[in-house]
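Across the two complexes that follow, subunit A remains constant while its partner is subunit B and subsequently subunit C.
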Partner chain A sequence: MSAILQEKETTLYLGPQHPGITGNMMIELKVTGDTIRKATTHVGYLHRGFEKLMEERLWMQCFPIVCRICVPEPDPNEENLARAIEELEGREVPERAKYIRVMMLELSRMATYLLWMGGQSGSAGLYTMPQWTVGDRDYIIDLFEELTGGRVYHMYIWPGGVRRDLPEGFEGRVRKVLDYLEQRLTDYDRLLFENAIFLRRAQGVGILDKDMAMEWGVVGPPLRGCGIAHDVRKDEPYEVYDQLDWEVITHEGSDVYSRAMVRRKEFEQSISIVRQVLDKMPSGPVHNPGPNPLKWRVPAGEAYVKTESARGEFGYYVVSDGSLKPRRVHVRGPAYVHGVSLLERMLVGANIADTSFIMNSLGTCPPEIER
Partner chain B sequence: MEPLVQFFYILLPFLRDWPEWLALTVIGIVAALLMFGFVAIFALFAIWLERKVSAHMQDRIGPMEVGGWHGWAQTIADTIKLLVKEDIVPENADRILFKLAPAIVFTAALAGFAVLPWTQDFIPADLNVGLLYILSVSSFAVIGILMGGWASNNKWSLYGAMRSASQMVSYEIPVALALLAVVMNAGTLSMRHLVMAQSGNILDWNVFNFFPLTAVAFIIYFVASLAEVNRTPFDLPEGESELVGGFHTEYSGMRFAFFFLGEYANMYVVSAIATTVFLGGWLPPFEFLSFIPGPIWFVGKAMTMVFIQMWLRWTLPRLRVDQLMYTCWKVLTPFSFAIILLIGLWKVI
Partner chain C sequence: MKNIKGALVPFSALKYLGKKPHTVRYPFEKKKTAERYRGFHFNEIEVCIGCGTCSTICQNEAIDMIKIEGVEPGRGDSGLRPRIDNGRCCWCGLCVDMCPTGSLSLTDQYLHTSPDPDSYLLIPGVDNPEMKENISFTKSDTEPLLQFDRVPMRELDGAERVKSFAEVVLGYMQEEARAEATRCVDCGLCVTACPDHMHIPEYIGAIAEADDAKALKYIYDNNPLPEMCGKVCTRQCETVCAIGHLGEPIAIRWLKRYATEQFPDPAAILNPKIAEPNGKKVGIVGGGPAGLSAGYYLALRGFDVNIYEALPRMGGMTFAGIPKYRFPLDSLDKQIDYMKKVGVKMHNNVRVGKDITFDKIRNDNDAVFIGIGFHVPYTLGLTGEDLENSIQAIDFLRRVNIGETVDVGKKVVVIGGGNVAIDAARVSRRLGAEVTILYRRRVEDMPADWEEIEGAEDEGVHIVPQGIPLEIIGENGKVKSIKYGMAEMVPDDKGGRPRPKLIEGDEHILEVDTVIGAIGQEADYSFLPKEIMDELKIERGRVVVNELKQTSIPDIFAGGDNVNRTMDAISAIADGVRAVEGISHYLLDE
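== the complex of A and B ==
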């Protein structure tokens, strides 16, 4: 009897509209019983052709485009494009602007991790956590709104520095939010990270082999969750990360739980990094102005820059032919590796119930896959 | 039906003058309507309560607008909305089974109310096998769920229905065994006599009898009953992030409302069984509190259990299918067998 049932294979279409999928993408599952035999991802529901679009835009017009590549965390993209252009132009960035950039990047990392915590526990059926974390994320978003005018898309980091200086008393408000979030982490621990059922669901599930992770180009928390200390902020420090006191966080185990713990500890570390930045922030200008954006020609050449985003290493390859528009902007994001090739491999042999659990732990971001 | 009939004769003396068949029919209809009314009102209240409980746990305030005071009329408005919604039956669905399924689920839940002892005199049907009856009719809901999942012609629905069937059938066993531990001592299956055997003060309740054996049986019963009514952490049949909506994915409007009503009615039924068998039913915890009528104690105790179910729902993630079966077969069932054995030994020695 069981042999007959074993052979019967069913096709399930997870998405593009499914409550367990982050964003619009579809996973075609071939299952026998509750076990997945084959997974095929179908992407393209969000294709907007950003890379091509940028070839037809002025350099300055590219900034509102790049920040939409990955919706929950626009800042690493702005940072990448700004640094690539600065490298091509050889433009200096004032010291204060560098500190403000680090503060922005770390705040955006925290906001993304809060969103991820909600997604991860939501995919396990615990809906209190998303309400808490998304609510707490709003305090960070409020800070962004005050600083940049935009809640989600900031267009704040641009070549030569940042768009405007910190408002009066901003530092105190950032510290207040950090204190609140730090104290809130105990609640998160009690509800999710130390929850016995969550541990049972997460430990030993979605194992990512260390060698496979290296071979497939896995980056960010999934790689650090395999115990490999790789972080662009440490390996090739940009801005002022080399002047701050922090460690690369790793966790042995290679499963969903270790990836969750890496993110949870990095959240704590981001709080400390922002505090250090606020302590050390020098005074001075925040922007080194360039030419009129309408007549702005970037010298011919090419540059490759990398930023550590909340999902992992984000690389931008920018080519200029000396004209008003970029010749080519190529984005190397983590989500393509994590969300397409790796996910297909990792889902084989997993339980249907773990599909969105594993997907969330890898930090898949469908808009970024199809930038 | 004896106590109920007497209750009505005392309440409405003119019924004695009527022919017996007419009086019995009227009493039966009135009792059935009372039960249905209670289920409907309870479900409306429980859904509102669940929204409030979840909201306060999640740093929100929940419904506040409809009806004025804390949005008390929100679920009534929702029910009216569901009533007037378009009735959608999927094109390739099995129409008859599709329409029958919510009715069966709801009937199964409602049938359980027939033997709940609200007080010494008011028990719709005082069967001498009341507990057995309630266990049998509550497992009837599986058929409705399977039917709905199959008839929807949707793979997610079918998966939800299959999970539901395996889960509910498996968890019947620890539920029955945990209750058996008490029945062994009381020597009766009648809901009324089970409560009357616990008279005295709070320490005479079954949950404190043979301490801590029946207390463990109570916990086993409670955990297994969560699975019986598909509540978190055992809400796999409707696990949103896995199976969209489980067996009721394709249902909308009033049919969905009936599944929902059935779920909340079941929540009350399992809580009421726990109250009857373990928590002294309509009896007050202390003698001097006996001026408060029995039904208030009964409903109050059951509502506390319902609240605990809601509390768990918003603080626990969902188990995986294999972990669900592990919990049932390797934890709950052996432990309940052990308790039956120990209570048996205790009684012999």
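== the complex of A and C ==
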């Protein structure tokens, strides 16, 4: 390559429609040769103003809205809204509902990780893996469909508990899917996590050192991939996480590979958590009803609740002025930090071919950036 | 290459080579959805009442309530049905969970593709009747969103009640009223069922919002006797309540009572605007709910109103007929006093036709309103009915209410199954008698309120259904016993409710001290001069009026029991309110 080409700066636009981008957003790349000199993210393609919409909706009407804040992983949104309202109201949630919620959240984590595995490997050019994981994810989606009536948008976790009890024989079918996925892990390992190509692409790429991660407010697998044991489920346990046997998974290395290994191990751990939930789940009601939704006033006050989503700590700040509608719902998701600020910084000096690879490793969800 | 293992293990995927994908079925079959799948809507048109709750809860505004062919508006049915815009719907199913009747559901159908935008508008149940077989997501019985249980009303204990005329129903406390009001879905079906079309969702909403004063203003907008209605109304509103389809209807009556009881003086809250006197005078014959309502709203409009009442107090049958344990005197006085403040002039103990002639009233006023009610009882037509201690319930109740001492002895038989019969029985219990109600049909056929029947039974009233009185037997001119025969129910040839048929020989005799007849009443028009009687159109004992309550004589208006067949206070109030429009129209050409 000649010296002129090395120095000529070219602008490349990645997205907003691009298989390597995990949703509709665009990254404007200034490159010389195949090295990125500057990256600017452009978001807004998915903006529907969820937070503002909710200010004009009855409390109950917010419940079908929040799931849309993250398409691949809607359940932490439902969980957050429900828990924030329950905190404001002081409403008790039946024990069984808490277990069902944990099961939902962990199944949702697994489904999200399967989608991520597809994206991570796809962006490295390994195309068999997405075929497998997206197909296997469908088994979890089938469970969601059976339990909630919806495949993608579940609208299941709602204030006071969950919407419906488990169907007859559902636990057995969950165990069957768990067994299947556990056995598939060997295949995944061979095809991706032990794959020499993947290791060459992932190790030492997308370095995010500990101090920077702390300074930038990085959460979830990227933070645990720096060896920092931070997990909301452990730090501030919600629902019944403190009654289950599990440990926070960390991995040293701070690169794409270590983030991948955190997710890989957490996937396995989620299987174990769901099994424990099924073992321990008590019988009883699943919903503690509240007032008629049309005249439902949530007591004035504010609540900040957080859930460990597949992308990391996911918070909702909900303010009520005691009226029929929320005064403010603010969503604090990891995608804004990971997908805008951090990504722009991390891409500088990276190879063009690693753009999607690094972005996928951070777990970005554009609709959540633009909630 | 250092990592030889890493380069080789991916090839293990070759073991799947030649295997069929597991996500598609061979041969191809359409995906079978889960049992509670949330697909397109289906609506049971016959079960749906068009309350519009689905449309209200829909956060996408995807549901319109529209008029469809073949469904007519009626009692408890708006005649509208939901239409879903599938271009907006997000299949959250809140409409299904909120549906008060359970008519709305979601089906397993999930695919619709068409270049025609109109095809995305679906009237469930009308456009897709075949989908009834494919219902999947339905309302849950165990995780309801609506509250189907009424906040219970506190009452005096049955044994305690019979000791006095203390009010039986104790009324809601503030918290209870708020909770009960919160159950309402604001559909407004009750408004059409109420003869007076009161602003029910509005005042219930105000109570739920903790604004009782606002509720009172809504209530007084077209009902000047709300405390009375709050205690004794026949509440046709509650019979059509949307929540009543799967649960207990909203306690509309008790909520109205609650709102009115919060304020000792309605004037302080309502602060009514009284129009300047318009120079027109209206005379009202009869101070019952119809006359009082007409008088109140006429006075607000600047009319000079005089009400003439034969009894010592205003209120008509609500004073004379309703026992004090249901509607206490102080509650009546409070409402009457407020009307006097507004400027309604009331003349008690003036019997028109005796103390003042009808012609004089007519000559002194620009218009006259007749609201005399039904105060003359039907007789039983039995041998021995003229004996001493064979009395009529209406007379009996009036005497007790006026304050006279009535001796009914130790054993009383009441004949009839309406509210008047139950009232007479419960009053007799309070006077210390053992009471038996003799009714020709079954208990479930009784026209009385079920709450009244239950109340009577709680107080120890014995009900003999299918008992037909045959003869009142006397001794020394006084009632000694009553002979009655048992009846069997036979289907009515004309398709009406089953009729009682006497069983030959199944006769009983009951020792009694007093027999009280309560089989109905009629109006007494004897105060009207002959020329007016000739001109006034009366059919089956009731004055014929137009929709503005104007009779066949233009300056004479009428309302209440002597006009309408429902024979309840709220219909009388509605008549009065309508007559105000009629009189204003007639006198002021408004």
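Quick note on the criterion: the second predicted complex is superposed on the first by the 365 of 371 C-alpha atoms of A that agree within 3 Å, B and C clash if a C-alpha of one lies under 4 Å from a C-alpha of the other, contacts with A are read in each partner's own complex, and residues count from 1 in each chain.
FYI, a residue touches a chain if its C-beta (ideal position, glycine included) is under 8 Å from a C-beta of that chain, and two chains touch if they have at least 3 such contacts.
Since we're looking at a predicted model, the values are computed, not measured.
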Discussion item. For A:155, using the defined touch cut-off, is the partner it touches subunit B, subunit C, both, or neither? Pick first, second, both or neither.
Written reply: second
Worksheet item: After superposition on the shared chain, which partner residues are touched by A:128: those of subunit B (first), subunit C (second), both, or neither?
Response: both
Discussion item. With both complexes superposed on chain A, which partner does A:356 reach: first (subunit B), second (subunit C), both or neither?
Written reply: first
Discussion item. Just to be sure I read the superposition right, which of the two partners does A:60 touch: subunit B = first, subunit C = second, or both, or neither?
Written reply: second
Worksheet item: With the two structures laid over each other on chain A, which partner does A:285 touch: subunit B (first), subunit C (second), both, or neither?
Response: second
Worksheet entry | subunit B versus subunit C as contact partner of A:293, first or second or both or neither | second
Worksheet item: Of subunit B and subunit C, which one contacts the greater number of residues in subunit A?
Response: C
Discussion item. Touch test for A:49: subunit B only (first), subunit C only (second), both, or neither?
Written reply: neither
Worksheet item: Looking at the overlay, does A:195 come into contact with subunit B only (first), subunit C only (second), both, or neither?
Response: both
Practice prompt. Could you say whether A:12 touches subunit B, subunit C, both of them, or neither, answering first, second, both or neither?
Written response: first
Worksheet, complete the sentence: Going through subunit A, the residues touched by subunit B and also by subunit C turn out to be 126, 128, 135, 191, 195, 197
Worksheet entry | Contacting residues of subunit A [partner subunit B, same complex] | 10, 12, 18-20, 34, 121-128, 131-132, 135, 191-192, 195, 197-198, 200-201, 351-357
Item to complete: Spell out the part of subunit C that touches subunit A in their complex, as residue ranges.
Response: 1, 3, 5-7, 9-10, 12-13, 21-23, 33-38, 53, 56-57, 59-60, 90-94, 97-98, 106, 136-137, 140, 142-147, 179, 181-186, 205, 208
Fill in: Footprint of subunit C on subunit A - complex, ascending
57-58, 60-65, 126, 128, 135, 138, 142, 145-146, 148-150, 153, 155, 161, 163-165, 167, 187, 189-191, 194-197, 199, 285-287, 289, 291-296
Fill in: Contact set on subunit B toward subunit A in their complex
54, 57-60, 155-156, 159, 232-233, 235-236, 239-242, 244, 314-323
